[in-house]
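If you scroll down you'll find the structure; I have some questions about it.
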Amino acid sequence: MSVTYIDAIREAQATLLRDDPRVFLYGQDIATFGGAFKATKGLADEFPGRVFDSPLSEDAMLGLAVGAAIEGMRPIIEMQFADFSSIAFNQIVNQAATHFYRTGMPIPLTVRLPSGGTAGSGPFHSQSMEGIYAQYPGLVVLTPASVSDAYHMLIDGVALEDPVIFCEHKFLYRWLKAKSINGDHLPIGQARIVRTGKHATVVAYSAMVHEAVRAAERLHEDGWEIEVVDLRSIKPLDIDTVLASVARTGRLLAVGEAFPWGGVTAEVVSRVTEEGFHLLDAPPQRLNSRDTPVPYHPKLWAAHRPTPESICEALRKLLSF
Amino acid sequence: MSVTYIDAIREAQATLLRDDPRVFLYGQDIATFGGAFKATKGLADEFPGRVFDSPLSEDAMLGLAVGAAIEGMRPIIEMQFADFSSIAFNQIVNQAATHFYRTGMPIPLTVRLPSGGTAGSGPFHSQSMEGIYAQYPGLVVLTPASVSDAYHMLIDGVALEDPVIFCEHKFLYRWLKAKSINGDHLPIGQARIVRTGKHATVVAYSAMVHEAVRAAERLHEDGWEIEVVDLRSIKPLDIDTVLASVARTGRLLAVGEAFPWGGVTAEVVSRVTEEGFHLLDAPPQRLNSRDTPVPYHPKLWAAHRPTPESICEALRKLLSF
Amino acid sequence: MLKARILENKLSSLYKAGKIVGGVYLGRGQEAVSATLGTALVQGRDFFAPLIRDQAGRTAFGEPLIDCTRTYLGSALGPMRGRDGNIHRGRPELGMPAMISHLGAQVPVVAGMLFARRLRGDLDGRVGATCIGDGASSTGAFHEGLNLAAVEKLPLVLIIANNQFAYSTPNHRQFACTDLVEKARGYGIGGFSVDGTDLLACASVIPEAVRRAREGGGPQLVVAHMLRLSGHGEHDDGSYVPETVRRGHLGRDCIEVAMRQLVENGIAGVDEILAWQDQFAEEVQKAVAQAQQEAPPDPYQEDWTALATRFPLPHCNSNAQPACP
Amino acid sequence: MLKARILENKLSSLYKAGKIVGGVYLGRGQEAVSATLGTALVQGRDFFAPLIRDQAGRTAFGEPLIDCTRTYLGSALGPMRGRDGNIHRGRPELGMPAMISHLGAQVPVVAGMLFARRLRGDLDGRVGATCIGDGASSTGAFHEGLNLAAVEKLPLVLIIANNQFAYSTPNHRQFACTDLVEKARGYGIGGFSVDGTDLLACASVIPEAVRRAREGGGPQLVVAHMLRLSGHGEHDDGSYVPETVRRGHLGRDCIEVAMRQLVENGIAGVDEILAWQDQFAEEVQKAVAQAQQEAPPDPYQEDWTALATRFPLPHCNSNAQPACP
């Protein structure tokens, strides 16, 4: 028996609904239908009156969640795709994110963002928005890469007092499987070294962790030992773990699936150079998607995002310095 | 006689309306009233039928602009404050920014964003969103710091075929004066060295250029010669000029008024370390605002954003390596 | 409403004397509507999300004057501790959320507060109310929020204070229907239109709308008509308001109308009203004086974090949940 | 509409055979409404922003079948060159913008196209039309866009195809009024309600709405009622649609109804219809075959830029404007 990444997300929500009467789910098509990706399948039946189909109103969905959090609930909002959170943007960044700072009252809500590219999904069903939300003070931004993290980080995230942007990768939903949802249970805010090495560090998160590991495996055949760090949480960012890794390897490549300007990889590289310049034996490198919308055609898409091939190439360049 | 930064913006719009029949202005309170900051004062009278008061609908304002651009016009949209562009976010990043890539038809529209903090403006009238928009492919993001640039870059920006996010700094509106709007007229996409030096490079943009120059003047008293680069355009980013400066000074401090995670300073530092690592004699540093919403109280606000004092402090640290 | 007027007159003077940094936004001319709403609500039970021009409603709902003066004057002891200012203050823990500037955004928030109470089995005759302007009726947030409240059949009372202008923008550049109350039917909710310059009219319509919501009738939209009797903020002289509009029926000062109504109906005498005025002026003066002598926030005492969570979190040794965090 | 049905049946087969990557979204059951609209518009003059279920309207407006098959099958020669897919195609230069996924977003875009033409003094009897679903009527974009069009009194025809569901979400979780046409009055615009399963009804109402807009009557809202006769996309079996609804009046297939109407009214004979069917099937087959033999986009040939401007720009030597850029 195996558990997929999306099973873990469903199970986490079931656990939360079971254990915490403050939790409810609100989103488009998530009740009877179980959600566009089936992340809430069966939950409306199992927990009557706790799972709601919302109108097609992302802004109001988030507004409702803020109000409900003020009154002591812990709403989990499903965006049908991360891309549609652009409509809820104002309520997320200006209402939810500022509330604790302004009033002293925390807003414990969670927004689930089905994120990232899959073949054929095109410009509006493929976006990776973690680097957008992380720019705003007052948000916690999580990017689980493993089945176990998808489960534990959702549960731990809902337990936080702050608004959580939970970026789930759609490609991992059914592709990623594990024997069980157990696994090393790290607290939110701590990165994980998923593969140890000594020649270079790749910092990645979400689906890119798996592409990075594949690249590391290929380079292993050539005798290179590449360390792979899974950030797990984008904000807060566990720069200590990254620095410790770079201290061992002397080389850094930051990989992300989002657009190349700014974002996670820029933050990682600049934090490392600011705080760990002396640890670096070579110019730190970044690899992101291309600077265009995510293309529809699978052939274009494959060339738009980082792949094991392009990660290998970037690593070879990094190792050549 | 002197010209302020906002005069320059008004004059640029007058010039555009006069010279280009495709240009029109659309925004809240910009017609008879002349805009919340008077950037369009008198233009409705001078150019009848070209300047329109819009309903309180940022999303629709941008949608209208995209449609008008499709039909051959060059709309200039005034957001009353940059902060309210969160409501127009979807039309900007998903409709305007993707249009040329998807369809091959360019969308030459300009969104004017009154940006940045002033004392007492608080969390929702002070934001600096350039680093948010720059993350999206398909947008040009401009941040003029001088009277002459405010004029020329607005005119040149409207002439571009692409959607332009024009970030005007509210603090500069009336504080910044020049003898005339003439001045070194650089093309969009090129940075400017506003002060030469040899011990360290400060990269800044918009209002922070002036704070950086002040800091440089203070350090000059101690014998330090600090070079100040005004990026002018955030996207595209003229990394060549920055690298050339760092090649001379060996030291880099990137200063921005936006929130500290990601954003312009992270992009600058990581581009420099990626492409010019060998030029650096010390860890590159960043200075941004604090990681909270922009506070209302002038005392808090002054401690939230970079100031000549905090820039000096960061430079002294940089120079001490 | 009289107290609010006296307070706001004072705020205006303070602003003009340079004692208030940032904007000052007054509810002059809208006190009858706002106060009637505040009075119809019960603090501790109902929710009230005041907007720009709701000083009168705030006071009627129970907000102490000192919350206002501390916020405007930047005292560290105010509800926003200097982090936010003026009309953005609130006490969400007392059922009064703190507005963000983005107009329309409070509508779904109040809906969410009510939704939460219903989920908790604790709705219990509560209503939630908020006010917005004619301008804000053009926002997507208004539409999405009101529609969601209608779908969820929540006891939301939404007052549109149509004061004829959104900043400088007149109604005819804002909407094309005759009376915004015509929107009610399209949302499937109750709708009322009322003369906002007339306290007695407000007092008959607004509590009725609140009652219907309270009794399960779903959202109620009240459109009140009046003129903003000051500029958008105290920096604005509002000279774009045509003289004919100022002189017309909507330009009546609801406070003067109300005083006449009180006297004519024998509810209060002129002496009594004058005595109130003195008393309120004294209360206002006290609240201003107190706030003025209080210390501003100290940047060195601030923790400069926007998160309630303190990272790093302790490591968790168990795989069991939800032990961690 | 028949051609669209035949085309879409083919797309469905291709999807099920794994020949189409990404989603396939059909307009089955909505052809009468969409085709009537497309027919009432004049390509080269009017604007039409089709939405998810507007294959019939596209075809009637003049979109060649090959644009559709190339986009679905990922040919580099399609209007979107493989950069976007399926229903997101458009030809803005021919008055047919390419939808983004975010529902409601096309409403203000069409308004802007009309606004531009009026500014250019070239409105000239043009109308702009777009369709959205019952679900999309809950978006802020719909509200802001329609209200802006009403304020600007633009010749916009907005059809809400109320097919009873937004993906799986039924009307009663989407809005609380009886008929969405009740919204028209609140926007101060014309409103029509029509049985979308009935071609003749559509043919009498929709062109009338277009005519009113064309003649200066401002925006017109048409609410058409029908059932989506397929899943949301071809990945969805739509099993959440109750049997009673399927069997009811709205569950009628507008194409069957239309054929009966044509025959009964002596407009076309059965043989004629069968001949059309054969002809359309052949056209569809040709368009599919051609697209299938065309090359996909080549990532190495792409310029990988989202900007029309090529930076760096040349240096400008003069301070005169607008010489640079």
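So that you can tell them apart, the chains are marked A, B, C and D in the order they are listed, and the count of residues begins at 1 in each.
The working rule: a contact is a pair of C-beta atoms (placed from the backbone, for glycine too) under 8 Å apart; a residue touches a chain by one contact, two chains touch by 3 or more.
Bear in mind that the values here come from a model prediction, so they are computed numbers and not experimental data.
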item: Pair exhibiting more inter-chain C-beta contacts, A-D or B-D; value: B-D
item: Far-end chain from subunit C, centres as C-alpha averages; value: D
item: Whole-Å gap between the CA centroids of subunit B and subunit C; value: 34
item: Distance between the centres, which are taken as Cα means, of subunit D and subunit B, whole angstrom; value: 38
item: Inter-centroid spacing, subunit B versus subunit A (mean Cα positions, whole Å); value: 30
item: Overlap residues in subunit A, where contacts from two or more other chains coincide; value: 54-55, 57, 59, 83, 86-87, 90, 94, 97-98, 101-102, 123-124, 137-138, 290-293
item: Residues of subunit D whose C-beta touches two or more other chains; value: 80, 83-84, 88, 100-102, 138-141, 144, 147-148, 151, 173-175, 305-306
item: Touch-based graph of the chains, sorted into line, ring, star, complete or other; value: complete
item: Interfacial residue positions of subunit C with respect to subunit A in the complex; value: 79-81, 83-84, 88, 90-93, 97-98, 100-102, 105-117, 119-120, 140-141, 144-145, 147-148, 151, 305-309, 311-316, 318-319, 321-322, 324-325
item: Contacting residues of subunit A [partner subunit C, same complex]; value: 15, 19-20, 24, 49-50, 54-55, 57-73, 75, 90-91, 94-95, 97-106, 137-138, 140, 152, 155-156, 159-162, 182-183, 185-190, 236, 238
item: Contact footprint of subunit D on subunit C as seen in their complex; value: 138-144, 147-148, 150-151, 153, 172-178, 180, 182-189, 218
item: In the complex with subunit A, residue positions of subunit D that touch it; value: 21-23, 74, 80, 82-85, 88, 100-103, 135-136, 138-141, 166-169, 173-175, 240, 296-300, 302, 304-306
item: Sites on subunit A touched by subunit B in the complex; value: 83, 86-87, 89-90, 93-94, 97-98, 101-102, 123-124, 131-132, 134-138, 235, 237, 258-259, 261-267, 269-270, 273-278, 280, 282-286, 290-293
